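For reference, chains read A, B and C in written order, and residue numbers begin at 1 within each chain.
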Amino acid sequence: MLFNFIPREFNFFDLFEKQIDCAIEAAMHLKEIVRKGYVDEESLKKMQDIEHKGDEAAHLIIDRLNKSFITPFDREDIHSLAKEMDDIADTINTIVNRLKVYKVTGADKNLIEFASIIEESVRTLAIAVKGMRNMEHSKSVVEACVEVNRLENVGDDLRDKVLAELFENEKDPIKVIKMKDIYQDAETVLDICEDVAHVVGSILVKQA
Amino acid sequence: MLFNFIPREFNFFDLFEKQIDCAIEAAMHLKEIVRKGYVDEESLKKMQDIEHKGDEAAHLIIDRLNKSFITPFDREDIHSLAKEMDDIADTINTIVNRLKVYKVTGADKNLIEFASIIEESVRTLAIAVKGMRNMEHSKSVVEACVEVNRLENVGDDLRDKVLAELFENEKDPIKVIKMKDIYQDAETVLDICEDVAHVVGSILVKQA
Amino acid sequence: MLFNFIPREFNFFDLFEKQIDCAIEAAMHLKEIVRKGYVDEESLKKMQDIEHKGDEAAHLIIDRLNKSFITPFDREDIHSLAKEMDDIADTINTIVNRLKVYKVTGADKNLIEFASIIEESVRTLAIAVKGMRNMEHSKSVVEACVEVNRLENVGDDLRDKVLAELFENEKDPIKVIKMKDIYQDAETVLDICEDVAHVVGSILVKQA
């Protein structure tokens, strides 16, 4: 096998930061949409553009990884990190797409709450991801990862609460089907953030 | 650890081709079933036989991989390729099984359209998988991978369209539950084809 | 990169056994709950405690893996084993949580049957996992893995039967939504057991 030698200073960190910035943008856009209470063509397009930008960064990371001989940390960790971060904007895009396809309209207070927690989690994750550049700041990285874990638990409790309410109060089964999907996707975003935090944590341990 | 040395010429490509041929068979059988509009015992049995044949090829690949010292490309890529290709026939089998379990009968034009796109995607993927044997044909491999990606997007749009129609027109919630599962499984097959294409693409990059 | 050298005798097997014991505990607790026919606060708390104990063992394994230079078998197999075993108690916890959130009450004979198969599968898996400590017992490990595979097929058939009955007999779509989720989760536990058996089998092959 021949390697295309890439200068060893090829900067994975720049691309990880680009990915997490896309995730923040996606989270902010979701919050805006659920507050407004509907998805128009423009919002849908904007969401797809954000997801596309994130995809490009992820593909570039994988491509460089495949061509690089020397990497700043374990290859499989770089791969997981790129893939999991990509899943954040992807899953937020799924939520927005479902709102559109299912024609869900009206500001839903539960969804607004989910969107706030998602934004908080993604912003906290950004501290962890950006902190990897300089492992002297590992204390703040660890704290951010712990906080992302905490927010995942908050999300679990919120999902349980809103699903219990949905099954208790909503008599239209079609609406139950729709909102159940959307709430579960929202909780999935928080699960993915937790997965990213685990990868970051595991990189930290190996560098210690 | 002791290695069972396997002659280095053990041919993984033969098994990959067997796997993708099973996927094609599964896709053709699905198309036939959805056109006919019902699943009888014979079709179910045939589908399970195809899936079983694919399983055997996948298990053989993993087994040989575990025992081989030298492999034609990265071990984890061989593993992913075998696993993802196996998932194609598995998920097609899931669709056929659901049609049976849910007692869905009657030719559904949306499902027929999905089955056609799935067959096209799997056949295109076969060009990519078979092309790996001879990397001088890498141009046609790349083109096939790009086409599989395009078909995944076509599948996404189709799923959005048919789900929107389903929620708009179908008043029986039980039918909504059933068809939503089946359409989503159909789209998942296209996602898996795209995943296989990504693995093939990444093998190509490393060999470049 | 600096390694924290861990004495090579660090015992991964103790932690794997702790994990599978948690899975057994979870399976037994599930059986008790579904026989009783309701989830009270105490049962929910007990289930979360079991899951938490399993989580701790999994995290400890990953942590030690990241810090260890020498491992009893392939790093990726240790990682998969820890992750998949963790998923057993997690998914059982999901079932218990759904019973609570969906307010499903009353002993359901199908769910009792699933719980019995799950317990049998997890107990059989424990034979395989514990047998890894001493590969001279590999015959009993292989037999246990084969049996776990068989039980997964039994679970598939049971799921098909109960879903067909559910769609045939249950006229309340909300109940269909609830029970479909729960039966599918139950079958997923058996899938995960099969995945664990595959990892164990693959470790065995490599050690042969």
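The criterion applied here is as follows: contacts are C-beta pairs under 8 Å (C-beta built on N, C-alpha and C of every residue); 3 or more make two chains touch, one makes a residue touch a chain.
Predicted model only: the values in this text are computed from it and were never measured.
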Roughly how far apart in rotation are chain A and chain C when fitted on CA atoms, stated in degrees to the nearest 5? 120
Looking at where chain B touches chain C, is over half of the residue numbers used by both copies, so same, or under half, so different? different
Mind checking the centre-to-centre distance between chain B and chain C? Centres are C-alpha means, answer in whole Å. 27
If I count partner chains per residue in chain A, which residues reach a count of at least 2? 76, 173, 177
In the complex with chain C, residue positions of chain B that touch it: 1-2, 4, 62-63, 66-67, 76, 97, 100-103, 173-174, 177-178
Of all residues in chain B, which touch chain A in the complex? 73, 76, 160, 163-164, 167-168, 173, 176-177, 180, 202, 205-208
